[in-house]
Structures are given as structure tokens and as C-alpha cells.
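Lettered A, B, C and D in written order, each chain numbered from 1.
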């Protein structure tokens, strides 16, 4: 059975990865799961310099989901390279670094710095973050801004470049095309939907940051629809995510058009989720007599 | 305690209405609940001529939500006027007719026809539907098209005009401003998020229509965030909806900026939901010593 | 009495692999369900699973109403774990019912799998007078076979694997029965419940033999009372709701 | 042994209005929890409620680990209904623990409300040697008072309404105690768990008297193991996770 998948020039031994921000820097989960089993570890989003993040409360539970407003807290690229890469290099899995910036220049500098380190196999660009240069706009919701920042990063790295799309847009297929035209080797989708919760006793938003990103099973239908639309719009591999809790969910994403899947919020519920999902996918392939995972990708589009 | 709310020139005795498409034409729920208790009944979306709707399956359950692809099946405006209005007129509640069209001309014709009947107190324009004139585009996701259709309808009716916004957009505040500038007396939000589910046995979308609209508790955080953004952008009253299951949920919507709320999917779970929500809101006002519901609207914005 | 009420579990016992019999006491004054009608049960207090589950009325006893259900997915799995004394929100009885045959017609009752739950009240009603056709996957999936045997004039059985009765679908059995020159055609009426393909086959057979057939349809449901238009089937007069205009339709009404 | 395992409910009994004592048998070889550590429990199989709930280790007995919990919202309400034999997914023991005081220091242990659950292992550990300060809303919210009385050298009680002990907050009691010229200052260490404002008050009092204090913090949690960065509190070295770097912090570390 062939379950290896290609993401640009990167070959993963299987299609199961972790979603950025839900798996720490990998080591937090090493106690529970053999990281060697993963197709790739995608680490918490990094920026050139450390970020403090938002004040608490940062988390609110919602119906079949959760809102988070971590505010991209991270230790910065240098400390990551010093302290985390050596550990990750002891595993036989691919390391994909999720990163972001406040400006195009910061994105480029981050990509350049990450590209000259051994042990980093791919970059995932998070474009769902506020653009400090342009005030309130989010890189990932304006096609022109997205094109600009992706092109700039494309020139700055030879590593496989995955662009992670924001779902908070009218036309996800358009954003996918823009990212691919600007040089993305692959797309990942979806990031969190922007949401809110209000405390009816204090009459204030529950999150200190007021709004946060919705993840978990609640968003799965929206994520699947977006994967389905992206698959019709572009040719590059898609890494599907958004509410994947078990193998059946992951298979839905593959049928909708994903080449690989990422497990996010599910890690919090079951620290073994990613490895159980991989087992479930191979069990399904056996039952369905499918010998190559690639034959499943996008099958829901056939009529 | 003052719980009456104004929606344009329309005064509702209380802020609790039903969401279009989830309460039939009112009579289906009359057996369970005294319709006189409602601020308004919003009926299933109507078009000039009857619509057959989509083939089944039309419904899929999702985590804390459901997808529907009814396809706007309805009996048409004439039959509604003949068969349903007489029943609704026996109640002391406002009747708001949700309507839609395939083209600007159809919207206008529908609004004109509905405006010359006694017993209809307001119109809710559903702009989350495909635009036949322009192929795949949805009226409610393109600001220019939305402006055009709302302006045209505004000229065709003197009834209070509520525009129901689609959440499947990058910038809901922009859409809100466009609708208000084009003449909306009030806004309702949110309609369903577009989603999908796939059957991993048949490997095909579960809905015959492939995609459907996600409603229920799953979408509440997104709906609340959008109400919060709309409230900051426009001055007209907002009718908030999206996953309201109980009074606490409804109060969150009011604090976020809604003047009234609509109960949708909750009717399916508890046919008494709307009246229980009203009771819960007044109980809350008592506990919190708030004598006018208007004093709650938008309070979560204060810092 | 409202058709939306709290019901208390009296008993919830396995009757077979993967099938339970649920007895619920319902408030006094609740309308008595008719054969073919159904109830919807809320199996969770939280919002997941969200929607109510539909189950046909299987029997009405002194203890309350009985539902016979197959453990199929998450909702029925939760229901299986519920114990005596648990309280459930319930909606019903819902839908229309199997119409009575004219006096001179003999009822032919056909069930595929868990469809037996829906037609069982008819088998009881026409005790000793009906011919029953009952198909299932295997011998182990035949529920209430002995009861059905006792209550029917004649019971035909089939299983997909031939482990009981004839091998094959129960539609084939019905077909040979009707093809037999000694069959009571056209003096019979068919009542059928089961998977969609089975009902389609029954419909064709009935039409071929000029026999009236009533079929009980299934669709995913949200409201259960005709409000959401979610549960439709295509009929000659457009889409009709299974929950309100059905679940029982004349087979010739359905666009198969 | 993994820190993620299935635990079986041995007992789940009310100890007071709105408070239950839960005894769970955990697999053999599971690491023994230290005072101040906590577990996270999955109270539902479905996805609503989604996240695990955090509870401090209250005691370890032969039967298993005991948690003392207050019914507060939907998750604990579901937990309350769970019966002996039910199996729960559980993560832990998590977090750091209350550090030992130097030999010559006397432990002052302070609890507000359900905070008693977290400090109780300390009360047991320093049996007969610690002074305990325990505040609650009313007399009826004082749990394990007799046990605490027996195990402590001295027990101070306060309630908001004065229905037991002195009226007012337990911080005020601590404050007068430390202000007393006969107090063992600076030869004591404070260990405190309770609502945020109480801990802030304790921190101020401790600082005023030059006494070292450890406080156990609470924040909403998702992962419980330091991966999501959701449960942070502001410390002098930036945001620190309550689940991994805490829940116990030196009071002077916290930016209140």
C-alpha cells in the first residue's frame, strides 16, 4: 500500500501531519506518540523575533469547537533553531515550519533565515495575520496583498512553500489561485474562522482580545467545502484541516481534494489522535481495496 | 419593563422572532406555542412563482450543527397570500415575509406584490441566493450587485425593509454599509455558512446539491463576531441569529449589537424554544435590573 | 396534550445483536399513535448530536410505547447506553398512517430489516388475517419472527445469505407469490417498509400485478412536523415531506 | 505508563450541596500525583462539550485518585450524572507541584472555596504541623472542614456571610494572623489556592510581611501540556502556561 504523498518537492511518508499551533514544537507530544509515525510535524507559528502574544483569557470553549486568541506567541526563529531543531532532528519525520510576519519585509527575512538551517524541510506561510503596514487589513483576505507577500517569500526560499489560506474570505478559490500564481508549491486550508463569545454576566467579550479563531468539529463542514472549491481551482497539493477528529473525518478531506491532512484541535482531545488517524486511513484503504492514497484525493468530485 | 423594539417603522412587542425557513409558514408551530407571544413570525422564503427546491437528501447533521440544501422550495407568493395570510392574521404578532428572486426584476416584482397585501408588516430580503443573470455569483457576496438589488427593491416597497446578509464574505461590515446605503431599514444576520459533508462509503457529497448551508450552535461564534462588526459599521437595527438555542445565547447577540433576535435551528430541537427564550430574556433583565431592552443592545462594545 | 413532551425510559433491552427494544412511558393524555406513525427522540442534552432521531411506533403496551431500533450510528449508540429512568424529549406521534384496506382486501405486509418495526402494528391489527413477507440480511437479523409467525396467516421469510427462509430479497418472494395463479390478486393490498431499493422493487411488482401498495419512506429529518422541508421525497405532485405528508405513500405516487 | 489513559469511576458522591467527591481507579503504573498537580477529564464522548476539564488531585487512596469538584457549568453537570463503572479519558498528572518548605519553615495553607481540593494534599502531608486558613461563601460551602481541623495545628475559618468562623475574606484572617506580634514570621511559607482576587490579596499580604507565598492559578485550558499556549498568566518573565509551568507560582512571579 502506497501512502506516501508529495507536497511540492517534499515527500512525506504518509499524509498525516499536525496543524500549526496545536502541537507545540513537537516535543510536548513526544511523550504520547511516536513522532516517527507522522508524515510531518508542523510547528507553532514563528516570527523573526519572539512574540509575547495576547493577554488571557485566550481560550473559550464553544459548541463542538473552541475559540483561541493566542496572539501568535512564540519563542522566535533563533531560539527555535537553537533549542527545538536538535530535538526534532532525532526523528525520522519531516519538519515544516509555520511562520508569519508583520510586514512583507519580515516575512521575507523569516523565510530567508529558516531556509539556511538543516532539519527544516518545508515552510508553511500563515497569511491570516494582521498587516501592520496597512492597519487593519489581513494579508490573507486581500488578493493583491496576498500575491505581493507570497511572491516576495517565493523569491526568498528554495524550500517547498506551503501557503496557508484564511477561510474568512468571500472566494477561497480566488485566494488559492492567487497564492499558486505567486509561487506556492502547495496550499493548506483552513485556518480558523474568526469568531467571538460574550460573557452575559460581565457583558464583555470572553476573550481579552475580543475576537478569536474558531477551530474544531464545528468548522469541519466549512473547511470541507473550501477544500472542495480549492481543488477545482488549482493543481497543487492541498493540505486539508479544520475539525478533523478521527480517520473518517480525514478521509472526507482527502475525498474532497486534500493530498495530506493536518490534525489540530483533536490533539487536545486525544494526544494520540494523529497516529490513530493514520491507522484508520490505512484500514479504510484496505477495506476499500485502494492501494495508493493518491487515488482517493478528490474522488468526491467525480460524478 | 420595556421589551418592545423598533425595526424601522415597525414596532415589535418583543425582540424574539423566528428565522426564515425554520418555522414554516407559522402554522406548523401553532400547535406547540402561542404565536401571539412572538415579536414577529418570519416565514419561509418566498418567490414570485413556486419553487420546487433541490432533490433529496437535503439535510445532513454535523457537529453541533446541520447542513441544509432545501433549495428555497416554496409555494410562491400567490398561494402564500391565499392560504397562509388569513391564518397568520388571526394572531396578534407581526408577519415578516422573507423573499428572494433569481434576478433584480424578480426581486422587485416580488416586493411589489407583497407590499399590496394586508397582514404583511415587513419584508426580509434574502440576498444569499444565486443570481441567475450573472451565473454563479451570489447577490449577497458582491457589494455592487447587492447595492443594485437592494436599491431596486427599496423603490418598490414602503414596507420596512430588512436585508438579510450572507456570512460568506470577507468583510461583513462593508456589506452592511452597502445594504444600508441602498435603503435597508434594518439588517438581519447571519444566514447560513456554506458547507459540505462527504459520505466516505459512497465517496460522494452527502447532499444531492453537494453544498448546503450550515446552521445551529456550531456557527454561533462566527455569527456573534459578525453582529459585533456590523454594529460598529451601521446605525440601523440588527436582527441577530445563528445558533441561538436558549436565552443566554440570545442575550449574547443583544450585547453584541442586536436589537432583536431570530430563533432558527433551535425550533427543530425544541418547538417551544422561541417562547422560552423570551421568558429567559425577561428573567435576565429582572436579575440584572435592566428596565429597557434597548439598554442591552451593543453593551459588549463599551470598554 | 402537546406532541412535545418528556418520556421516561421504562426498559431498554437488547432483543438481538445490534437491536434494542425501548419502552417509554409517556404523559397521560398523549395521543395514541397509529400504525405507520413515528416519534422523534432527542438522544443528547448537549448540542452534539443535535437532531432528533425518528423511530416508528412498534407497539403500544400498558407500560407505554415501544420502539424497536437498530444501533446504526452515534445517536442510536447513545440511546443504547440509556438506562431505565432516563428522561428524553420526544416529539410525536408524527406523520400519517397506513390506511385501512377495503373490507374485502387481504393485507400483504412486507418488511425489510428494521422495517419490521413500522409494519408490526399492522401485523397485530390484522392478526390471523394477513400474509407477511419478512426479509433480512441473515437469520440473526430477523427480529420478532416468532411473534410475526403467530400473528400472521402465513409468514414468508428470506435472508440475503439463505440462513433462514429462501435466499435472496423478500421482493422476489412477493413476486413469486403474486405470480402464483392461486394468489388472491387483485383482492389484496400491500403495506411495505424497508430500504429504498426494496420499496422500489415492491412498487414495480405491485404495479405489474395491478395491486395497490403503500410504502413507508425514510429521509433525514430535522423538524419532524413539515416546517423545514428537509425530508422530502419526489412524488408526482412535487416534493412531499416524509414527516408530515408521509411517511406512508401510495407506491404509484412516488417518483422512484 | 502514558499520562493519557482510561480511568474508571469507583464512586461519585455528593459531599455537600453542589460538590461531589469522585474516586477514579487508574491503570497500574500510572505516576503518582504530587500535591498541587491536576488531571484533565473528558466528560463527553461527543464533541460537545469538547474540551477536557481540569481538577486538582485531592487525595490518593487505595481505591484510586480522588477529585473534589464543584458543579459549576455544563461539564461538571455531566460529570455529576456519571455513575460507578463509567470510563473516562484522563490526562495527567499535569503541572508542577507545591514545593516543600525549608525544614525550619512552618507551612501556612490557605484555601478559598473549592481551592481546598488543591491544598488538601499539603494539609495531609504536613499533618499536625500546618496552620490552615479556609474561607468560603457560607457555612454550607465549607467542605472537609472536620478533616482539615483534625489534620492542622490550627484551623482558621471565615465565610462571606459570617455563618461560620469570622465574617469576611480569609485573606483578612491571614493578614491579622501575620500582623500579630506572636506570628511565626518570617519562619513560614504560604501555600494558597482560590479565586484570583483572593490570591492577589494573599500575594500582597505576603509581600507586605516579607513571607514567601506560592499560589495555584487557574486559567481555561485546551491541551493541558504546554502545547497550545492557551492557559497563560502574566509573569515577570512573560506569559507562562498554567498547565505546564504552573499551576503553582511564586506569588512575586505573577504580574497581578
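Keep in mind that, in the parts below, contacts are C-beta pairs under 8 Å (C-beta built on N, C-alpha and C of every residue); 3 or more make two chains touch, one makes a residue touch a chain.
Since the structure is predicted, the reported quantities are computational estimates derived from the model, not experimental observations.
Listed here as common contacts of chain A and chain D: B, C. Look at the CA centroids: the one farthest from the centroid of chain B belongs to D.
Inter-chain contacts peak for the pair A-B. Centres computed as Cα averages put chain A at a distance of 47 Å from chain C. Each chain gets a centre from the mean of its Cα atoms; for chain C and chain D, those two points are 55 Å apart. Averaged C-alpha coordinates put the centre of chain A at 34 Å from the centre of chain B.
Centres computed as Cα averages put chain B at a distance of 36 Å from chain C. The residues of chain A that reach two or more other chains are 62-65, 216-218, listed in rising order.
The set of chain D residues that touch two or more partner chains comprises 46-49.
Because contacts link each chain to all the remaining chains, their graph is best described as complete.
Within the complex formed with chain B, the residues of chain C that make contact are 2-4, 42, 46-52, 89, 91, 219-234, 238-239. The residues of chain A lying in touch with chain C in their complex are 63-64, 217.
The touching residues of chain A, when paired with chain D in their complex, are 21-24, 28-29, 31-32, 44, 52-53, 55-66, 68, 70, 73, 216-218, 245, 265, 267-272.
On the chain B side of its complex with chain A, the touching residues are 62-65, 67, 141, 168-171, 193-198, 200, 203-205, 210-212, 214, 216-222, 224-225, 228, 243, 248, 251-252, 255-256, 284, 299-300, 302.
Contact residues of chain C toward chain D in the complex are 44-49, 74, 78.
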